[in-house]
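Consider the two complexes below, in which chain A is the common component and chain B and chain C are the respective partners.
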Partner chain A sequence: MERQSFVFSVFIHACALLLAAVILAPLLWLFIMSISPAADLTAKPLVWWPQSIDFSRYGVLLSSVENSAGAAFVASLVNSILVAGMATIAALALAIPAAWAVSRTPSIGWSLYMVIATYMLPPVALAVPLYFGLAHLGLLNNVFGLALVYLTILAPFTTWLMKSGFDAIPREIEAAAMMDGAGLFATLRIITLPLAAPVMATSALFAFLLAWDEFFYALLFTSDLRAKTLTVAIADLAGGRVSDYGLIATAGVLAALPPVVIGLVMQRALISGLTSGGVKG
Partner chain B sequence: MTGTSMTTRAWLLMLPLLAVMIAVIGWPLADTIGLSFTDAKLVGTSGNFVGIDNYVKTLSGSNFQRTLVTTTIFAVVSVFAEMVLGVLAALLLNQQFYGRTVLRGLMILPWALPTVVNATLWRLIYNPEYGALNAALTQIGLLDAYRSWLGEPGTALAALIVADCWKNFPLVALIALAALQAVPRDITAASLVDGAGPFARFRFVILPYLAGPLVVALVLRTIEAFKVFDIIWVMTRGGPANSTRTLSILVYQEAFSFQRAGSGASLALIVTLLVAVLAAAYAVLVRRTAGSNA
Partner chain C sequence: MSALEIQNIRKTYGAVETLKGIDISLESGEFLVLLGSSGCGKSTLLNIIAGLAEASGGDIRIGGRSILGVHPKDRDIAMVFQSYALYPNLSVHRNIGFGLEMRKVPAAERERAVQETAKLLQIENLLDRKPGQLSGGQRQRVAIGRALVRKPQVFLFDEPLSNLDAKLRMETRTELKRLHQMLGTTIVYVTHDQIEAMTLATRIAVMRNGRIEQLGTPEEVYDHPATLYVAGFVGSPPMNVLDGVVTGEGVQLDGGAVIALPVRLKNVVAAGRRVKLGVRPEALRLVGETADHRVLDVEIEVVELTGPELVVTGRVSGQRVTACLPPRTKLTVGMKQAFTFDEDALHLFDAETELALG
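Up next, the complex of A and B:
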C-alpha cells in the first residue's frame, strides 16, 4: 500500500466519522427516546439528552398483567417467536433434501429455478386466494396458518442458499463413503449433513430474520392476540393513539434486539451468505 | 446407480418442496388469475365472469397510472441513491483508518433492524410537532417553523425514500466491500505505476470487479423497491392525498379495503407482470456483465 498523505488521511477519517454518525444517530435516538421521561420528548426545544433516565417502559411492555399494554406486547412477541421458529424449521426440512437433490442431479435443476423465480411474485398476487384458503381451513388468525404462508417466502430462499452450500461439498467425498459400503442415507448423515452444518445454520438464521421481519401477510391474516406478530403490534402502536412516543420507541428497541444481536454475532456468516449468493448470481 | 434411478430419487427428494410450493404459491396464483376475470367480492358472492373488464378498467384508470409513476419514482430514486452511497461507503471502508473493523461491523445494524421498526423510527423522527428532524433543523437555524414532513404531498415521498435508503445502502456497501476485497493488490499497484489517476483506476481497474455483484444487488433491490409495501404502510398508508401510494398499497386498498377481490386480482397480476419484465431485462444485463468479465 502506498503511503497516505496526511491530508488524505484526515479526509478519510472525517468521512468515516460522518458514516458512523449517519448509521448510529437514528439508532441511538430510538434508544434515547425509550429511556427519556415523556415530558422531555414533547418539550420545545427538544431535550436531546434525558434529564433522568427512565427504564420503566421496558418493565411495562414486558409485564404480563392481564389486559395491559404489556400483555399484548408479550403475546405478540411469543407469536413472532412461534411463527418464525415453526416456519424456519419447516422451510429447512423442505429445503435440505430438495437442495441436495438438485445439487447432485443437475438435470432437474430447472424445477429449482421455477421455485426461485417465485421470489419475483409480489405477495399481493397471492394474498386473496391465501385469505380464502386460510379461512376455509379455519387457519385465519392462527400461528400455524401464518407459518404455513411464510413458507412462500422462506422455502425458496433457504433452498437456494442450501444448494450453493451443497455445491461446495465435493461429491467425491460422498462417492468414497458409498464405495466403502455406506448406504445413501448413512452417507448423508455421516458425511454430507455435518459438512453442510454451517450453511444450514446460516440458512436458518436468514429464514428466521425474514419471518421476524414479515409484515404484509401478518397484517392481513391476523387480527388479535392469538396470532398477531410483533411487526403488526408495533405498526398498531405507531399508528394508534399512543401519546407516549417513548413507549413506541421501547417496543421498537425490543423488536429489533434479537435480529440486531444475531446480525452482530453472526456477521461473518451472514455476509458470506449474502455475498456468495450475490457473486454467483 | 443408473441415470434414470438417480433422477427418480432426485424427484422424490424434491417432491415435498414442490408439493408445498404448489399448495401455497402455484394454486393461489392460478386462483388469482381466475379471480381477475370476475367481479368477485372479498366477502359474499363468488362473482360472475366479466372477461377482461377488470384489466381494461385498471389500465385506463388514472389511479393506476399515477400509482405506477409514484412507484417508479420511489424505486428508481431510492435504488440509485442506495447504489451510489453503498459504493462510496464501500470504497471508504476499504481504506485504512482507525476503527475500521468497528465501522464495518456497524454497517450490519440498519440491515438487521426490522423494516417496521425502521418505518416507526423514521415516523417518530419526522413527527410534525415533536420530531427530532424538526427540532434539529430549527435549533441549528435551517428551518423557521416546524413542518409536517410526512403530511405534505411535496415532501412525503422524499422523506420515505430517505428512510428506505438509510436501511438499505449499508447492504449494498457490504456487498461492494466484499467485491473490493477480491481486487488483487498487484493490479491496483500496477495501475499506479502506469500512472492511472484515481478516477481512471476506479473506472478501469476496480469497477470490473464490482460490476457483477452490483448488478445482482441492483436487480434484487429494484424488484423489492417495486413491490414495496411495509415501510409505506407504516409511515403514510399511501397518503397524504395518495402522494406516496405505490402499486402494492393500491392492490391492498382495492382487494381488502374496498373488498373488490376480482379487480384487486387483476391489478396484482399487472404488477407481477411488470416485475417479471423488469427481472427479464435484468437477466439479460446480468448475462452481459458476466460475459464481458470472462
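Up next, the complex of A and C:
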C-alpha cells in the first residue's frame, strides 16, 4: 500500500496507539501503584499520580533478612524459576522428538490428538488423582513434583506447537540430506533443528510463561518456602488481614520481569522466516 | 553390463496398484526420460530407484548390484528434486559440499570438488550466499551442483524444470543437455513435458496407469508411436485422430471421405475393421496441382498464427483436425480447404485395443 491517503494513515496510527494503550495501561498502573505511597492507594477519590515516589517496597521484597516477607518472596521467585525452567526444558526434550516423529509419520498422528484431548479435562478433575499420586511418590511440596505436574501440561502443548513447525519444513530437504549421506541425527542436528529454531524458541517461551503463570496446582501441591511459587506468594500477600496494595503491585512487577527478560533475549530466535529459499518460491 | 536395470518393479498401495511391472535396462551414459501425465507412476518409480519408497516386488540393479533394501546413501545415486530441496540454513558452498562432508571427504579435496562443480555451473560467485538470496534459476543450478559433485553412477531428476519460467526452462534444458553430453552421466529424468522428453532423452519411456506404453528413442516414439495414447501425448499440437472403417479402397472415415492406405498397411488390416487413423498436424500440407490419394477436405474454423507457424483447426466430415502450416499461408475462416500428407505420415490404430497397426 504505497498510496495511502493522509486521513487513512492517521486512522491506522490512531488505532495502533489505542491498542497499545489498552494493552499497556494495566502494566503502567501496576508500576505506578508499586511506587505510590500507601495512603495514595487507599485515598478517596483515588490519587492516580503519586505525590511522592516510594521505591521502598522493592527493597522490602528483595531483602534477604531471615523470616521476612522479602525472604519468602525471593524463595518463591527462585522456586518459580526452578519449576518453570525444569518443566520447560523437560517439555522441549520430550516434545522435539515426539513432534518430529508425528510430523514425519502422519499415521501415528492420532496419538497426539489423544494427548491433546486430555486438555479438555478441567484441572480440577485431575487435582485429586495428581495429589494422591504426588503424595505416594513423596513429591508434595517439592519443586521436582510441581515441575513434573507442569510437564504433563507443557509437553502436549509444545509437541503440538512444534509439530506444526516441523510440518512447515519440507520432507524433501530431509530426503536430500539422507541421500547426501547424512544419518538421522546428523540430519536433525545440521538441517532440521536449526530450521525449527524459531518455532522451538516460541514453544519454549510459551511453555515457560504457562508454567510461570500457573496458580491452581501450585496452590494445591505446595505449602511452604521449599516449593511455593510466585503466583502463590503473591496471593499470600493479598490474603492477610491488612493488604498493602502497593506491595502486591511490586510483587507483580518483579514477577513480570523474568519472562520479559527471556522474551527479549529470545527475540532474535523468535523471528522466523529462516526456511525461505530452501525450496521453490 | 547395464548401468541401471529395472526388473518387473511393482508397487501397491493397499488395493491400488500404481506400478504394474516395469522393465527397463539402461546402458551407461543413457538419458532416460520417464514421461507421463500426473498419476501415471513415474515419480513413484523414481522414488523407488532413489530409495525414498519401497517396491512391492521386482528388483533394481545399479552396476549389477541389487539395491533394493540398500540405504539411499549407499546406492551411488544423486537426486535433483522438483522443489530443489536446498538446505536453507547452509551456504551454497556447504550445500554443494554437504554430500562430501557427510562422507568424510578431506576438506582440501572437498574444496577442490566444490570449486570445480561451481565453475562448471558458473555459480562461483554465489558460493557464499544462502539459498534464500538466489533466484529460481540459480537455486536450480545449486541443486544440480549438489548432485554433480558426488559423481554418482546414476542421476535422478524429478521434474527439475517445472518451477522455472518458460524462458529459463528452455535455457536450463539446453544447459542440462550440454552437461550430459560433456559428462556422459547416466540420467533418469521424470517429466510430464513432452518437449523436455524429446529434446533431452536418448530414450523415452512413456508411462500410463503404472505401465510403460512405449520405450524407445525420441525418433521412434515420435515417428512410430506404439499406441494411440503415445501418439496423442507426444507432439504438440497432438496427432489428429480420425475414426473410420477399413474398406477395400482404404479407410472410410466416419461421415464420408476415403483415405487410401499405403502398401505397408494394406495387408495388415482386414476390411470391416474399426480403426483410428492418425496424422500429425505438421505432416499436413495444402493440396498442390497433382491429384492425390489422400485428401482431407477441411472446413476451417480457427486460424492461429504462433509466429513460426500457422495453426489451423477445422473439421473433416464432422471430425476435428489441426494442421501446422507455414506462417505465410493464405487461409480464411469458413473456407473449405483440401489437405494432403505423405503416406509415411499415416498411422493406423486398432479402435478397440488402441495399439498401432502395421
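Here is the rule we go by: the second predicted complex is superposed on the first by the 228 of 281 C-alpha atoms of A that agree within 3 Å, B and C clash if a C-alpha of one lies under 4 Å from a C-alpha of the other, contacts with A are read in each partner's own complex, and residues count from 1 in each chain.
Convention: contacts are C-beta pairs under 8 Å (C-beta built on N, C-alpha and C of every residue); 3 or more make two chains touch, one makes a residue touch a chain.
Every value quoted in this text rests on a predicted model; they were computed, and no experiment measured them.
Trainee: Once the structures are superposed on A, label A:180 by its partner contacts, choosing first (chain B), second (chain C), both or neither.
Mentor: second
Trainee: Quick check on the superposed pair: does A:45 touch chain B, chain C, both, or neither? Answer first, second, both or neither.
Mentor: First partner only.
Trainee: Answer with first, second, both or neither: which of chain B and chain C does A:170 touch in the superposed model?
Mentor: Only chain C; A:170 stays clear of chain B.
Trainee: Name the chain, either chain B or chain C, that contacts more residues of chain A.
Mentor: The partner that reaches more residues of chain A in the superposed model: B.
Trainee: First (chain B), second (chain C), both or neither: which does A:53 touch?
Mentor: A:53 sits against neither chain B nor chain C.
Trainee: If you stack the two complexes on chain A, which partner ends up touching A:62: first (chain B), second (chain C), both, or neither?
Mentor: A:62: touches no partner chain.
Trainee: Counting only touches as set out at the top, which of chain B and chain C does A:21 meet: first, second, both, neither?
Mentor: A:21: touches no partner chain.
Trainee: State whether A:195 touches chain B only (first), chain C only (second), both chains, or neither.
Mentor: The answer is second: A:195 touches chain C but not chain B.
Trainee: Considering each complex separately, which residues of chain A are in contact with chain B in the first and with chain C in the second?
Mentor: 274-275, 277-279
Trainee: Taking the complex as given, what residues does chain C use to touch chain A?
Mentor: 50-52, 71-73, 77-79, 81-90, 98-99, 102-103, 130-134, 136, 139, 146, 150, 163
Trainee: Hey, which residues of chain B end up touching chain A in the complex?
Mentor: That would be residues 6-7, 9-11, 13-14, 16-18, 20-21, 24-25, 27-29, 31-32, 35, 42, 89, 92, 95-100, 103, 105-117, 119-125, 127, 129-130, 132, 135, 138-139, 166, 170-171, 174-175, 178-179, 185, 192, 212-213, 216-217, 223, 226-227, 229-230, 233-234, 237, 247-248, 251-252, 255-256, 261, 264-265, 268-269, 271-272, 275-276, 279, 286, 290 of chain B.
Trainee: Enumerate the contact residues on chain A facing chain B in the complex.
Mentor: The touching residues are 1-2, 4, 9, 12-13, 15-16, 19-20, 22-24, 26-27, 29-30, 33, 41-42, 44-46, 48, 93-95, 97-98, 100-102, 104-105, 107-108, 111-112, 115, 118-133, 148-149, 151-152, 155-156, 159, 184, 209, 212-213, 215-216, 219-220, 230-231, 234-235, 237-239, 245, 248-249, 252, 255-256, 259-260, 262-264, 267, 270-271, 274-275, 277-279, 281.
Trainee: Taking the complex as given, what residues does chain A use to touch chain C?
Mentor: It comes out as residues 170, 172-173, 175-182, 186, 190-191, 194-195, 274-280.
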